[in-house]
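Structures follow.
The two complexes that follow have chain A in common; it is paired with chain B in the first and with chain C in the second.
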Partner chain A sequence: MKILKLDNSDLKTLLTRWNETRDLFSPVEGNGKVGWQRIEPLAFNEPAEGVPRASIKVFFFPQPETLLEYSTRSGDRDAYVPRPAMGKGRERIILGVRPCDARSVMLNSLPFANDPYFKVRKDTTLIVGFTCERPCSTCFCSWTGGSPMGTEGMDIAMTKIEGGYLAAVLSEKGKELLGHLHDTKEASPEERKQLEALRKQAQKGTGPAGSPAEILRKKALMDLYNATFWQKLADSCINCGACTFLCPTCYCFDIQDETVKGKGRRIRYWDSCMFPLFTQHASGHNPRGQKIQRVRNRFMHKLKYFPERFGPLSCVGCGRCIRECPVNIDIREVMRDLLSIQ
Partner chain B sequence: METLFSQTTEAIRREAKDLLESGKVAAFLGFVKGSLPTVTRPFVARTPEETDKLVWNGLCVMNLANYLPGLLKSLEPPRRPGEPPPEGPLPRVGVIATGCWSRNMVIQIQENQMDRERLVILGVDSHGMIDRRKLEVLAGGREIQSLEETDERVIISGRDFKMETARQEVLRDNCLTCVHPSPVILDKKIGPTVPERRVHEPFARIEEIERMDAGSRWAWFQEEIATCIRCYACRNACPLCYCPTCFVDDSHPQWVGKSIDKTDTATFHILRAYHCAGRCTDCGACESACPMGIKMRLFTRKLQKDCLELFASEPGLDLNSPLPLTTYQPEDPDTFIIAGSKKQGTQGGSEK
Partner chain C sequence: MKNTDQKNPYLPYPGRIDAITIETEDQNLKTYRIILEKPEDMASWNHIPGQFAMLSLAGKGEIPIGIASSPTEKGHLLFTVNRAGVVTTALHKMDVGARIGIRGPLGNGFPVDEGLKGKNIVIIAGGFAFTTLRATLIYMLAHRQDYGKITVIYGARTPGMLLYKEELKAWSQRDDMEMFVTIDQDAPGWDGLVGFVPTIAGQVAPSPENSAALICGPPIMIKFTMPPLEKIGWTDDQVYLSLENRMKCGLGVCGHCNVGPVYVCKDGPVFTRAEVQKLPVEF
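Right, the complex of A and B next:
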């Protein structure tokens, strides 16, 4: 892996150049609300500690994604004939992405590997990550298979050091982005060592040792399913969508046609297993009609079904659901409870 | 340190334990400490031992009335649809109530969502609850890692800071304008009585918005809801929102689009607010629950002001006074419904 040493002016030059042909996005704080916004190159600030309130999934699962378009005017030659609505759009670079969010893109690529809409978003998006100097108390990336110094899912990973950044080049596209700097700004052996040391340090990480994904994969599904603590969670949960809508690895959707004045579109928009309608059958039967069943599903999906199917947990430990749940349901406690089931 | 909150916590634990031990209630609904310093967790104690975990403090912002109809139902012996409930009294629930929560309970009873007989209410006068968003602003984006609360002060600290402020400075907006801190229905009073509050200009913010011209008001509304993610935490935290299928979820007919289209989000907020008109107690749970820090409570606050001005009505203060929008009298103005009607003494409404 090639490591460069960039100073602040190198970064400014790069951002200005990138902005000529692509859109730049980064977390922006304003009005007490943090979100991802299009920015001017010189307006870029290093992101605040931890993750912004909204996750990076807003770029990959737009709310809504238009799948098809059609006309319902019978006079139109192509009335009722759907047209695919996949537009490529300009390339974009997302700056200041934390390792957990970047890793979520990689995890979401597992179930969405063959989804053309997701693929287009992914192909037109470059991720310039910033590793974490200081994790927040709700960060538990290391416990879920990531690390505050993680680089999975990134094209370039920036790590702050004295006098600038160490930039790890992680993909062909990342290399292209760096242009001539790629060949002129190589980090010294000392600087490489420094990065190595930071990575080792981070591996000490948080949370109990062992890989929860591995342990949970081996446990009998029904033992976890029938655990008694689900009732306690259901007692507190209000079944809103705050946790799942903020979560970078929650990707469930619903599809609907919207027709206004003869112009129609088929949209894919966020749905949540916390909502009763999520599993409602046309017959009226609902296999997850009770709150306890819905609460359980959110955790079982992330911590048992997904690992069984794909390997890793479907949680990157960003802590958003912990921070924003109005009733303080904490996935770390659920993980501990599940891990302690014999 | 001994504070009002710690004393009340002790008293709640004692009473709740008593209720469960004596079998007077099957469950007790309260709060326990959360895993983060600025949140508490609503909690159902089902055994006397579990009551040792109950807490009472300024972070108890979720309205417990919201849980009651569901909890009561879950305690009933299972039966098939249409089958009548068994003979004899059904299991009861003990619960803590402040002024606004008790008013929500009154409304739920009036709207036949639950039965007064099945509740044992421990009434606590509210000292006002803390707005964690205000704490976040105070901390200036640094992470709050611990919080201490006395009767008058709040102290927060993090990795490299410690700050102290008057509670008043970080109370929720709804608590700052609250004039009914004492529960209106209760079975036992816990802790000291707080005098009825006088608030200088309870609707100041609403009046400010009313004074805007239509264009700026619309711009303000759009800006306020711009970051809404349609997670419905505001709806789900609200004890008034108990419809089995909410209008936003209905698909036949579909009242409102499902994605975060501007018009759809605006429609959701306007309709949600109107469904709470004449019923909202300004408990602030909706605003406290919102992950995006949206001040949607202002919409219901406006309707509260209208109800007060038009019907001289504040909902939920009395089990025997009907809710303003669910009563009908023959002499009510109706020119806006019946074409051509010209009843005396009415105003507004179209002539068509």
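Right, the complex of A and C next:
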């Protein structure tokens, strides 16, 4: 892996050049909240600390997203025949993506492997990540298979050091983005060592020993499903769904048709397994009609069902759900409870 | 992406309603014969009995419906649809010639070419869940030498609620299969069996030796059909069920249809009862 040493003015130069042909976004702080915003290279200093309130999925799995378009004017030759709505749009660079969010893109691309819409977004979006110097109180990326110094899902990973950045080049596209700097700004052996040391240090994260994904994969499904703590959890949850909408790795969706004056579109938008209607049949029968079933489904999907299917947990430890849950439900406690089941 | 690109799994094939048959006396069940508009789409269509498709009504939405025709019936597709909610009601108002999209085939289907070959087959159906079993039966009759004894037990509330009445008659006259049609309560003019499906199944089901049962119907029927089968030695891995859950994508992505770690739309809808017993009861 090639490592470059960039100073602040190099970054400015790059941003200015990238901005000519692409849209740039970054976490920006305003009114005490961090959000994703279009940035202007000249006015921009550096990405805000911590993770934005909304997760990075807004870029890859936008809300709503038009899948198909059709006409409902019976005179039209192609009336009622849907056609794909797939604009490629300008390439985008998202700067300052934290390791947890970057990793979530990689995890979501497992279920979305054959989804042409997700793929187009992925092909046209570059991620210039920023590793984390100070994990916040609600993050726990290292429990979930990530690290504050993690680079999964990034094209370039920037690590802030004295007097600039160490930039790890992680993909062919990342290499192209760096232009001539790629060949002229190689980091010195000392600087490489410095990065190595930071990475090692980050691996000492707190949390349960071993890999939770691996341990949970080995536990019997129904033992976890029948655990007694679910009821207590369900009692306090109000099924508001905030956790699922903010979560970068929650990807459930609904599909609906919308027609205005003969022009229709089939759209998908975020849905939540926390909502009773999510599973309700036309007959009224509801397989997850009880709150405990829905709460359990959210956590079991992330911590057991997804790992059984794909390997890793469907959680990157960003802590958004912990921060925003109105009744203080904490997925770290759920993980501990599940891990302790024999 | 071009309009012709069928690799987009959300894009239905354009089709038209070619014929509509009212199946039941309450008019709530109709069978739609659908022909895909592009001859090449129709010619390359292939499915496994037990699979389903999304019927796509632009402007109304999509619904998962079992494919009632057998892949051996070429040139059209059949779907038998119960009027239940928004999309099914809209479909019931449509006429012959109307455009309809078909997305599929989806799901796994019955293992007609592997697990079921060479076996005695018992088909047990209740109510309008007979649809994909009709597809399976026709497929098996078209490949008759591949299967052992074929027994069909089919029940509905009243004679007027039976599906595919003409075909039922023809099947009961065949001598290479056994057909037991039953209704819940005696009705004027009915000279067939009277009684619930589980009771009849208990009376006529063959021995489990080298046999498989395919059961589709309301959950309560499935529940009560198992004990009489178990009594004569049937085990859960010989019994195939088709699950139904709310669906949106049909591709194993949107999350609506999961039962624990499995997606009914992708891993199912057909499961052995042994497989189902290992899952949470969320269907």
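Note that the second predicted complex is superposed on the first by the 336 of 342 C-alpha atoms of A that agree within 3 Å, B and C clash if a C-alpha of one lies under 4 Å from a C-alpha of the other, contacts with A are read in each partner's own complex, and residues count from 1 in each chain.
Criterion: contacts are C-beta pairs under 8 Å (C-beta built on N, C-alpha and C of every residue); 3 or more make two chains touch, one makes a residue touch a chain.
Please read these numbers as outputs of a predicted model, since none were measured by experiment.
**Q** Using the overlay on chain A, decide if chain B and chain C clash or can fit next to each other.
**A** Here chain B and chain C can both sit on chain A without a clash.
**Q** Of the partners chain B and chain C, which touch A:Thr124 in the superposed model: first, second, both, neither?
**A** neither
**Q** Of the two partner chains, chain B (first) and chain C (second), which one does A:Ile322 touch, if any: first, second, both, or neither?
**A** In the superposition, A:Ile322 touches chain B alone.
**Q** Answer with first, second, both or neither: which of chain B and chain C does A:Asp257 touch in the superposed model?
**A** Once the two structures are laid over each other on A, A:Asp257 reaches chain C alone.
**Q** So, A:Cys136: does it touch chain B (first), chain C (second), both, or neither?
**A** first
**Q** Give one of first, second, both or neither to describe whether A:Ser109 is in contact with chain B, with chain C, with both, or with none.
**A** Once the two structures are laid over each other on A, A:Ser109 reaches no partner at all.
**Q** Scan A:Ser236 for contacts with chain B and chain C and give back first, second, both or neither.
**A** Only chain B is touched by A:Ser236; chain C is not.
**Q** On the A-aligned overlay, A:Asn19 touches which partner chain: chain B = first, chain C = second, or both, or neither?
**A** After superposing on A, A:Asn19 lies clear of both chain B and chain C.
**Q** Would you sort A:Pro287 into first (chain B), second (chain C), both or neither based on which partner it touches?
**A** So A:Pro287 only meets chain C here.
**Q** Superposed on chain A, how close does chain B come to chain C by Cα atoms? Whole Å, please.
**A** Taking the overlay as described at the top, chain B lies 6 Å from chain C at its nearest C-alpha.
**Q** Starting from the residues of chain A touching chain B, keep only those that also touch chain C in the other complex, and list them.
**A** Residues 254, 256 of chain A touch both chain B and chain C.
**Q** Touching residues of chain A toward chain C in the complex: what are they?
**A** It is residues 67-68, 70, 72, 79-84, 86, 111-112, 114-117, 221-222, 225, 251-257, 259, 264, 266, 268, 271, 273, 278-283, 287-288, 293, 297, 300-301, 304-305, 308-309 of chain A that touch chain C.
**Q** Within the complex, which stretch of chain A touches chain B?
**A** The contact residues of chain A facing chain B are 29, 32-33, 35, 48-50, 53-54, 63-64, 134, 136-138, 232, 235-236, 238-242, 244-246, 254, 256, 258, 267, 269-270, 272, 275-277, 291, 322-330, 332-333.
**Q** Can you name the residues of chain C that touch chain A in the complex?
**A** The touching residues are 1, 3, 5, 7-12, 14, 56-62, 84-85, 88, 98-101, 244-246, 248-249, 251-256, 258-261, 278, 280-283.
**Q** Which chain B residues qualify as touching chain A in the complex?
**A** 34-36, 39-44, 62, 66-67, 70-71, 133, 136-137, 141-143, 145, 159, 227, 229-233, 235-237, 245, 249, 251, 257-261, 288-289, 291-293
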